[in-house]
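For reference, chains read A, B, C and D in written order, and residue numbers begin at 1 within each chain.
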Amino acid sequence: MSQAVATGKPFSWRIRVYWEDTDAGGVVYHAGYLRFLERARTEWLRSLGVDQVELRQRTGLAFMVRDMHIDFLGPAVLDDEVDVSVCIQSQRSASMVFEQIVRRVSDGRELIRATVRAACVNLQAMRPAAIPDDLIARMS
Amino acid sequence: MSQAVATGKPFSWRIRVYWEDTDAGGVVYHAGYLRFLERARTEWLRSLGVDQVELRQRTGLAFMVRDMHIDFLGPAVLDDEVDVSVCIQSQRSASMVFEQIVRRVSDGRELIRATVRAACVNLQAMRPAAIPDDLIARMS
Amino acid sequence: MSQAVATGKPFSWRIRVYWEDTDAGGVVYHAGYLRFLERARTEWLRSLGVDQVELRQRTGLAFMVRDMHIDFLGPAVLDDEVDVSVCIQSQRSASMVFEQIVRRVSDGRELIRATVRAACVNLQAMRPAAIPDDLIARMS
Amino acid sequence: MSQAVATGKPFSWRIRVYWEDTDAGGVVYHAGYLRFLERARTEWLRSLGVDQVELRQRTGLAFMVRDMHIDFLGPAVLDDEVDVSVCIQSQRSASMVFEQIVRRVSDGRELIRATVRAACVNLQAMRPAAIPDDLIARMS
């Protein structure tokens, strides 16, 4: 993890829970949190000036989730606002590992803790590829 | 509509309602029915021997919904089984109109009535294209 | 339509297109627009001070889509920002009709035009119910 | 794990990949596999005679995912058929751990490996609850 990231506040993205996110249990459907986690990672990339559409058109590359551990600590419900954080835990030439937390805004309660490994992939060949140098520079 | 379709039983596809389909109101989230309608149209195409992936690779064509009218007549709930019918109402060179009904299996109640116009589209150019002759032959 | 709404600018809600919204055609999956339309209606209600969770707990009422006509005029793609408008077209004691437009921010192009009738429903009985007076007052 | 489960073939549920499951990368959106995994667990419960709707109405109980580790080994694409297995790895009074594999039918390739811990929860109180004896009897 870069010094800058380690000492600064982690990136965070606010998300509102809508009807579409809930299920008949009255809470957010568990797979829905993965969408929230990805929105936050996408917005983190955008905040670094990384345009995923342009990246793909120029290089054929995209990030794909390789593995993920996720703890469901508490449920969010309709209308809740949550903050989703993005922290780089470690970085390698073709992948990186994120620590992400989903926290309810109203009471600060942690609802989700996730460790997500995303790999840089050549979409045509569906093979791992080195993260471009200019991206690595932006990320650290 | 072809004679064959007009006189025969409409194509029908059975779908189970899972947690993912429901919302905090305890019923199927309204946009979920559009997924059910499309699964049935896809299975109808498959039943005619149309392979959408092969079609796209060979011709660059896919079907896209252009407009839709949908009546939500009653709610489906978790674990319900529904039958989704597919009937061609009319057909033109580059589009066709389907009548579709979603009916609960247990009591035969109509839950959804939809009229869906799907157009044949060249995905690269995002422009309407004539439905290939071999498809038209299969459909009628 | 109330004078106020008729003369003022319609309510509008900005939405970003994420990976979750797209399909293998490279564009937003058609059912995804219904989620966008509902987010905008929900935010419109919130802007009027209507808390749907509180409404349901206090009165057992919720709004459900009864029918919808939707024109898919053009595709949104990954990373697009769209503005989703909400206009009351007509209002009755137990339902109202909205006109909604989804417009791409970058070029102002209309992507979706929808007419949506939503009914006030008692969720326990799954029956239509009069829209509470305080809501009607807020809406006009 | 019960002897019967250990020696028998694991429960498996076949699922078709539709447009709704894919994203602009041309493959199944990663969160979509969680929906597949849950459909298989739900069908496994059904195969044991467990009716989740009846269970909830009678006891107020439902199963909720508590944590999950998931490896994304390879992508499924539109029209793929996959088999999703369900194996009990361990069981406790209020939760159980499943091993699940998503395998493509056409070539037998493993696409997903997941370890899922689901807890029995009283939905009103949102608290862990003992799995009812009759369920435990059915599961072993």
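One rule holds in what follows: a residue touches a chain if its C-beta (ideal position, glycine included) is under 8 Å from a C-beta of that chain, and two chains touch if they have at least 3 such contacts.
Since we're looking at a predicted model, the values are computed, not measured.
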What is the chain whose Cα centre is as far as it gets from that of chain C? D
So the centre of each chain is just the mean of its C-alpha atoms; given that, what is the distance between chain A and chain D in Å? 24
Separation of chain A from chain C, taking each centre as the mean of its C-alpha atoms, in whole Å: 28
Once you find the CA centre of chain A and the CA centre of chain B, what distance in Å lies between them? 34
On chain B, where are the residues touching two or more other chains? 19-20, 25-26, 31, 35, 38, 77-78
Quick one: label the inter-chain contact graph as line, ring, star, complete or other. complete
Residues on chain C engaged by chain A in the complex (per definition of touch): 16, 18-20, 35, 38-39, 42, 51-53, 77-79
Spell out the part of chain B that touches chain C in their complex, as residue ranges. 25-26, 30-32, 34-35, 38, 62, 64-72, 74-75, 123, 126
Going by the contact rule at the top, pick out the chain A residues touching chain B in the complex. 19-20, 22-27, 29, 31, 77-78
